[in-house]
Structure formats: structure tokens, C-alpha cells
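Lettered A, B, C and D in written order, each chain numbered from 1.
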Amino acid sequence: MDDARSDSEAGLRTDVKNCGKTGFITCREDGLKVEVKAGMKNKIRTDMEEDMKTDMTANAKVNMEVEIAGLKLKNPVLTASGTFGFGKEYSPFLDLNRLGAVVVKGLTLNPREGNPPPRIIETPAGLLNSIGLQNPGVDYFLEYILPELAAYDTNFIVNISGNTPEEYGLLAAKLSVPGVAALEVNISCPNVKAGGMAFGTDPEMAAEVVANVKANTRLPVIAKLSPNVTDIAAVASAVEKAGADAVSLINTLLGMAIDIKKRKPALANIMGGLSGPAVKPVALRMVWQTAEAVRVPVIGMGGIVTAEDALEFIFAGARAVAIGTGNFIDPRATISVIEGLEKYCLENGIEDINQLVGAARK
Amino acid sequence: MIYLVVKTSGMVLEHVEVANGIKYLKLEAPDIARSARPGQFVQVRCAAGCSPLLRKPFSIHEIDRANGTIGLLYEIKGHGTQMLSGSRAGESMEITGPSGNGFTLPGDPGEECNALLVGGGLGIAPLLPLAAELREKGHKTTVILGFNDASRLCRTEAFAREADRLIVTTVDGSSGEKGLVTDPMSGLMKREKINVIYACGPEPMLAAVARIAEVQRVKCEVSLEAYMACGVGACLGCVCRTKSIGGKPYARVCTEGPVFDSREVIWNG
Amino acid sequence: MDDARSDSEAGLRTDVKNCGKTGFITCREDGLKVEVKAGMKNKIRTDMEEDMKTDMTANAKVNMEVEIAGLKLKNPVLTASGTFGFGKEYSPFLDLNRLGAVVVKGLTLNPREGNPPPRIIETPAGLLNSIGLQNPGVDYFLEYILPELAAYDTNFIVNISGNTPEEYGLLAAKLSVPGVAALEVNISCPNVKAGGMAFGTDPEMAAEVVANVKANTRLPVIAKLSPNVTDIAAVASAVEKAGADAVSLINTLLGMAIDIKKRKPALANIMGGLSGPAVKPVALRMVWQTAEAVRVPVIGMGGIVTAEDALEFIFAGARAVAIGTGNFIDPRATISVIEGLEKYCLENGIEDINQLVGAARK
Amino acid sequence: MIYLVVKTSGMVLEHVEVANGIKYLKLEAPDIARSARPGQFVQVRCAAGCSPLLRKPFSIHEIDRANGTIGLLYEIKGHGTQMLSGSRAGESMEITGPSGNGFTLPGDPGEECNALLVGGGLGIAPLLPLAAELREKGHKTTVILGFNDASRLCRTEAFAREADRLIVTTVDGSSGEKGLVTDPMSGLMKREKINVIYACGPEPMLAAVARIAEVQRVKCEVSLEAYMACGVGACLGCVCRTKSIGGKPYARVCTEGPVFDSREVIWNG
């Protein structure tokens, strides 16, 4: 199985870039095959999927495009940072070019090992994780990963975490290069003891971080908020004042689980971040409160798996949505959400998805 | 290495209890069967809804390329496998795979190897297609299967068809040799030259196998387990500690593994 | 079907008090029947259940008794306020006398209508509610309900909510009567706009409320904490300093859901409180943090359905646990938790359940 | 009023699709059958685990005291009913009931009544045992069953056995009379004296029935639905707005209901 295979029976062909060392021959649910040629560096052509898409929207005329902080997205569906790697990990399952944007794994100034395992455990309708921001560092990203991503025709938003406001600024400066569509400022990761958490739970510090990022980039800046706070609207307003072009929420809720047999915390790191359907009601409430408090666009996330889930967030006031844990449940969740949203609009006579934003508030 | 990973819908062809709390599941999944290699795994969505939430990983236990089917062997452990065990022939389930790296087949083409396969409990699952492929390639195989007791013994007939030699152990002696699955190893390796060891099972067992292999200076591959979320290398949730893979302290069991050179693994405790 | 029936075939009889207007003939899972005679006012005899219990613990010798704020409980399993009515609603399903304590529905000074319906909606592994503290008021409780409860041989803990610290004091004074075993001070109900929420999210106000209650009663005082805060340990420490004899947590997480078809919030009150298995990881984390911060006993709750769930809380540091939403999933959940805990102790050679408290912290 | 409520394990005896997306489920549950009255309901745990979380309420659709069985009629609506629909004969499920107050049977013993039963969609479910009991007690019954279209029509044969007269309507006219289930009411009530009306169905339909009953000054009982958690009156989650029941503005559908005098109910909109 060391050679790329061509499935001529399928009668359809697409060239997909070789993703790093590992090439993929992808094969989708619908039985269509995509051929991979190792080492190829062409712009990705995904005619087949494009055709499908065109077919679907031809008579449809639903505008799915949304604008976040001056950034035009094909549709309002993003991936949530840390759940989708750098995008290419999911390319066997779907055409990345169909996504509104890919938000990549959180980067830090220096490479990080991350926390010792066990790092994840399932809880009722939820997932606890304590990855601890394992990542290769911003320089590696710029040198090795970003150039590969250039082959895709979608927006890549880079999620950043720092130990000090200045570090955030430095990261922002380094990442202000072509190929990066926007920055998402993670002031909310609950797994980094050194600072991360504190920024997100204090409006003033959150604002300081955002101000530092804004001073170092002309890219759109999205502030990603922590749900582990008494008053989410206060934090949202503070980062808005500090110049954030958009806010995204929620990051994970701080939680834990105990291994009964071992009588020890199930995660090596003791606590972790809770995500998935379990947190959806909390996320939705915070999106509602935040949309009321700020004028900048809100990107909603937390437990979205289906188009119905996404609609709840849009109705609550989210201009776009991101899917995190949902990718683990169904690796094609993003695509089915995009298609489901489009179908909903068609069936309900909605010409522009933007019309639905905040519909439940009216 | 090139691999195929697909999301597909697998139809249940057969689903039977083969030992106490252990079931054998045969699925129609031609896309997976076509490219699967021994040591790879699939992830199965055990139920609609979010209970359980995650797709659950299972080793590929049988590969029938001609008929486009794969077999799984699993233990009913928690909620996911409980839900899975309710599925019936004719129903279909979402699966993704084949995932992971799989075992490395030994030697150069034409060169005959003497391989030792050691499986403890459900760790026997990935060894069956490996034994089949080794036999097909003309290698010699000895398989040791270790069970807790006779009530958990299963699939010995299938292994007997593929292995040159089959040894069964149970902890309580209720079937086969009494003792641990590692007990017969030293004697065997004294009597003859083993070129490569493949092992799968609980971690303490794998650590013991790895120690024996190291002492005897035999190449050894172990298949590890870890709690998995994405299964495609994106979430970094499934890592194990290794000595140097990719220059990083942690390797992803789902992509750099589940099969590792036993010398790479840092064992707990 | 208007007469009380006696099932002599069962060969077992127990007299159960007529619960208000509605009498029950109860019949348990195990096929045993309990006869009800309308209007009876005797002390409840539940010989059959007592027998079962004795049988179980005879050779066992597990001490299940725990002490909370000077109050001796038969076992560490309580019901969570608002989910178990005044107890008698569940008497068809179980013998209330087997419970460590019944925590009754939250009471206020004056009767409250509660919020308009819809008041509840299921979410993934969770339940959103916005009952809005519907209750008959403290005077009605004292006159009509408490006397009925005297027939049971278990502890009744009364949960109270006020609009001002003084109101809490007044409630405490009124409720300091025989038959009330302890007071649980709800400073955390997220559904009452007038105050309730604010007390629980501010350490100083929480302390003021508790101090007012303490000044007006000699009953043990349990402070029930809100999870909708940045720093639970700070609130716990504040109420401990103000004199709380124990803390209980968590109350519900503020959440919401949207009805896609109506494009409106699913609850009439827009937001509600999230409970059930979904919140367990958050609850457990807060119990862990609180047990670290205070010396008074911690009563843990949030998503407990099984004995395993309860063990997680006990290992995290909870001296007792309460079951709320779990009663809705299985009306006999409390009993199976009690039996499961006892079985666990037996199987693991634990002679006293108190030995397990905080086991995962060691 | 005295009632029995039990938690029991009901064994599935029969489980069939009787119309598009509508299933009939027959359970062995002698404890419930023994004491159940028309208009009461049971709550069914549709799946292990927490998806769905709550037990789901269903009207008791058939009561066979002699054989100790009850029948349910339900629509596959969301996740709970989806999971329920997978259960097979021989399996058992946790159920609680009989819950709620049930319909009030008319008149004094011996006095013959002319009753009109109006069911819309799945609202037909509780009317079948009511029709049976009315017939047994010697009353005259007219049953009007309203469906969306022919594909949703079901259980008419069972009703035909119990009712003196059966009228079927469909919104699109694909079966029976074209129109709403309330359409035949006025004509019928002009031609003859109806002593009591019983209705179950969607709220707008119930409100329409209630209006007709009020205009014609006929006693009318309606069976309401509400999202339920505890089902025993403890959580106060299932309330509906009423005029004066128990002196309180809100009544619990699970205990003061699900059957209410139509004049007590405050209709939405």
C-alpha cells in the first residue's frame, strides 16, 4: 500500500496536495475517491466538490457569505482551535476549501510539550481535555506549516496564547504575514498555569492583552473569551473597547473527573476543559449575553454538532459559528452543518443567512 | 507512508458473543477492507445521540479484501461497547478507518522470518490479520494467546488456522498452560531464534514483553491503547510518552501509533 | 379504583401515611406492595424496608453515618432542593426514611407563583429549568406541610431564598422550629431577578446573608453556592468566615436553549439553570476547589445519578452528596446510590464511608 | 382520589409501525394495567445512558387488565422516541405509572350519557381506553379522529370496535371527511344532545374544541401535554396556566392533569 492509487472506476478525479510526510488518498462517505500524488504542490482543485456545491446552490441563491471584522467568509462555519489540528489532518474526510475558515491549533512563542497523559476523558455528552497547548511554536509554524496551507483556498485564522501581554504582541507581529487571515487571541485556555487563565477572567487584563495584539498587527483580531467568569458581558465589553474586531466564545469550562478505580483524578493534569454538547446551554447563554453587550461580531461555539445547534447560536446573535468537539463525533460535521444551514435557508425562504443573526432576540 | 482513511457506513453481517462479555462483529466495509493493514484500527460510532459521545477505537481483527469485509473483536466494557453490542445484522453504523500505522512486516521480500506474536486479553484482536499476512508472506509464526480464564477464551480456532504454532495460557489454568502470557516466551526463545516479536495487550504485559525482547535483543513492536478523540492526529489527546519519535516527547497513538517499536516507549511505573 | 386496596398476596404490609389529599398505594420495583389508608396519621412503619436494610448491613458492618454541621445523617445521600418537592411526592417509589436527608423545595417569605411555562427543556445530558421558585411561602409550609413531615424518621433540611439579607434572617427565625433539621441558604438561584443571583456571585454579599441567617437561628446553616462565578473558593471561604457550618454546591449553571421552529428562547424566562450529568465535571471541579479552601464539610451535587458518580464527589472531598435531576431519570436513584455506596465499601473493605472522603486528594 | 404509581419493568410484547412514523407498542406491565384509568399516562425510559435524559410521557392507549398489558401509541418525534422505536419484542424497559388524574367518567351510575370524543393526531391515544370504558358503562359514544393525511391514519379499527359512531377527518381529504377534526362537531351537536366532550390533541385544536363546548354549554375535558421532568408533582416544571385550580395560577399537568376541565384552562394566544 505504498503507492498512490487512482480509482478510475469512480470517473472522478481531484488532485489533493500531499500533506506533509503523510499523503492521503481520501474517500468520502458518498463513495467518491480523491487521488493523492505524493509531493504535489499545486493549488488544490476540488472540482467534484465544487460541482456538488454549485449544483446545490444553483437555483438556490442563498447568500451564505458573512463578514467578520472585515474578513469575508464563504459561509459562517469555522473550526474551533485545537480540535482540527492545522486543517490538513481532516483533509481525508472533507474539502477544507468548503469551510468558512480553519482556526488552527493554539500557538505559543516557543514550542510546548503539553501536559502528560491521560489528557482526555469522555463525560456525559462532553469531553474533558488537558492538552496543555502542545504545539511546535510560532517559528516552526511560519516556516513549515503555513507554506503548506497556502495551497488551500480558505481562510486560516491563527489562535495565539502568551504568558504576558507583550508575548501576545510579539506573536501578533510575527504572524502578520500573508496566508494568515486573522488572529484569534486565546485569553482563556484553562490549562496553562502561567497566566493564560488570569487574562480571560479579568476584564482589565483581557483588554491589555488585546490592546497589545492590536498594536502589533493590521490583521483582524478576534478575542476568544473564557466562560469561567461571573460576568461574560463585562469581559466582552472590555476587549471591544480595547479594539477587538470580533469576539469568539466559549472556550472550555473548567472541569474534572475522577477515576473510581484508581481513586485519582482521571486527567494527569487534575483539571481540564469541558467541551461538547454538554456545554451548549452555557455557551448559548453567554453568546446571547455577549451579543447584547457588544457591537462587534460574535463567533459562537460550544457543543455544536448539527445545523440545528448552529442555528441556535445564530438566532442568539452569532454572526458565525465554530465546531470543535463535533469534529470528533463526526469528522464531516462541519460540512453537514454548512449544508444543513443552506437547506434551512432554502426551505424557509431566507435569501441571506445574515438575516437570521439574532432572530431570537427580535 | 501512504494510507487511506475513510468515513463510511458499515453494515453488520454477523454479531455474536464468542466468550463471556466478548463479541465478534463482522462488517461490510469494502473501502476499509481494501486498504487495511494489520495493526490498524477503526473508530465506530456506537450509538446515535451523545451517549457515548466519541467514536470508539477497535483494532481490525480480520481483513477480507475479496469480500470487502472486516471483523472486530471487542469486550463489553462501558457504555459505548454496551450500546454497540445491541446492533443487529442488517443495521449499519458509521465507521472511520483504517487508521494508524500498523505493524511493520519483517525482513526483505524472500527472507524468511520466525515471528512471535503475543496477545493478552483483547490484545489478541490485531494479531489475527498479522498472523494471516505473515503466513501469506511465507514467514513462520508462533502465537501465544493469554486469557484470564477459560470463560474469556475465544478465537483460538481462527488463530490455529493462521499460526504455525499456537500456545494458550490462562491465569488460573482453567484452559491451556497456567500462568501469564509472557511465561512461555523465554523457554521458546531459548530453544529457537525469534527474529521479531509483536505484542498487544494491557500495558504491564507489554512492558514485560518489551523487557524480554530487550534482554534477548529481538526487535519488538507493541500496539498501545489510549483514550482517543479525533483519531486523526488533530487533537493531541491520545499521546504516550516516547523517547524520541519526531524529536518530540509525546507521540500520538492514533497516527504515530498505535504500533511502536518497544524501545521507543517509556513505560509507566 | 376509589378504594385503598390491600394486596394480601404480597404477604407484606406497611402502613403509609396519607400524603395530603392524595393517598398512594405504592408498589415498588421489587414487587412489594405498600398499603395506604386514607387519613391515617400514625408514625410510618416501614418494617419491610427496615428488614431489607438490616439484612444488607447485618454482616456488613459498614458505617454509613456521616455528620454535617453537627447533624447526624444515616448515610451521606440527600435529595437536592427543588427536585424532590417536599419528599412525599416520591413516597410511592421509595421509603423516605432510608435517605440521609430530604432537602425540600426552596421557600420564600411570601408565596411565589413562579415563572410562566415553558419552564423546562432537555439539553444534551442536561436539564434547563426556570421554575422561578414557585412555592407556597414559609407560613404555609410551617402550618400545613411540616406537621405532615413529622411522620417520617429522616432529616428535613429547608432551603431558603430571600430578596434581602434581612429577609433571610426572618426566614431563619421562623424556621427554627422542631422538625427542621437544618437550613440551606440558597444564595445562588439564578432565576430570581431580585437579588438571589447577586448574593451568590459576590463573596461579601454571600457572607452578609449567611451572617444574618446565623444570627437568627441555632440550627446548622448550610450555604448553597452558585457555580456562576470566577472563583468558587473565594465565595466558599467568605461564607465559612461568616459562620456557615457547611457548604453545598453546585446550584445550576446559567444556560439557555432556543426553539428553532419558533426562533425564540425555549424557556419563557429566556434563561434557566442547567443541571444533570452534563454539569458533573464542573460540579466536581468546584467541589475539589472548595474542599481545598474550607474546613467545614462540603455537600457535593451536580449530575449525580449513580453510586459511581457519588463516589467521584466523595473522593473529591464531599462529606455528603445530593441527588437532583437524577431523581427524574430514575425515581429510585437515591436508593440505588445508597445501596451502591454500601456495596462499594463492602467490596473494598471500607468499614466507614468517612474514610473515603477526599481519597483522590491524598 | 387514590391512585397507584409504580416503577416497573415492562416487557415488549408487540412493537409495530401502524402509520407513517407512528408506532404501536404493547407492554407486559400488570402492576400498571391493574390500576390504570383512561387519560392517565406512563413515563418510559427510552434508552440507557443519558441520551435522552428524561423519561418520556405517553398516554395509556390500551388497558388489558385480564392479561396485564398496556398499549402505547406514539410518534417518532425526537431522539427519545427514535431510541424507543428500536426496542424489540422480548426486551424490557423501565416505566413508571399510571400517572396523572385521568378523565372523569360522566354522570351517576345507571344514567346514560351521550359522549363526544375528539382526537387530533397522536391525541387519539388516550381516547381509546376511554371509549372502551364508556361503552362498558353503557354510555353512547361518538368518536371523531382527525389526521393530517391518509399516511398518518391509524387505529381506526380499534376505535371502531369501541365507539358507537366513528368519524374520520383529514386536513387534505386523503381519507374520510376533508377538514379539521372540529369541523363535524357543530353539525353533530345541532342534531343531537351531547352531554360531555373529551378531547386530546394539539393546543390550538383543544382551544377550538373548548370554545365550541363553551358556546354550546357542554361539559368538556381536555388532556394537555407539557414537557415533564419528574412526572410526580415534585419539580413544578410541567405547569400550565389555569384559572383557579387549588387557588394557584399554575397547575401541574402531571398531577392536577393531564386532564382538565376546559373552562379552567387559560389558552395561549
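Here is the rule we go by: contacts are C-beta pairs under 8 Å (C-beta built on N, C-alpha and C of every residue); 3 or more make two chains touch, one makes a residue touch a chain.
Every value quoted in this text rests on a predicted model; they were computed, and no experiment measured them.
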{"item": "Labels of chains that are neighbours to chain A and to chain B", "value": "C, D"}
{"item": "Centroid-based (C-alpha) most distant chain relative to chain D", "value": "B"}
{"item": "Between chain D and chain C, distance of the C-alpha-averaged centres to the nearest whole Å", "value": "33"}
{"item": "Centroid spacing, where centroids are CA-atom means, of chain B and chain C in whole angstrom", "value": "47"}
{"item": "Centroid distance [mean C-alpha coordinates] between chain C and chain A, Å", "value": "40"}
{"item": "Multi-partner residues of chain D (each touching 2 or more other chains)", "value": "50-52"}
{"item": "Contacts with two or more other chains, residues of chain A listed in rising order", "value": "124-126, 276-278"}
{"item": "Chain-level touch network, classified as line, ring, star, complete or other", "value": "complete"}
{"item": "Chain C residues touching chain B - in the complex, by the definition given at the top", "value": "124-125"}
{"item": "Of chain D, residues touching chain A in the complex", "value": "50-51"}
{"item": "Footprint of chain B on chain A - complex, ascending", "value": "1-4, 21-29, 31, 36, 38, 82-85, 89-90, 92-93, 105, 113-114, 116-122, 124-127, 129, 131, 134, 276-278, 305, 325, 327-332"}
{"item": "Touch list for chain A against partner chain C, complex", "value": "123-126, 128, 201, 228-230, 253-258, 260, 263-265, 270-271, 274, 276-282, 284-285, 288, 303, 308, 311-312, 315-316, 359-360"}
{"item": "Interface residues, chain D side, partner chain C - complex", "value": "1-9, 31, 35, 37, 45, 50-55, 94, 96, 226-241, 248-250, 255"}
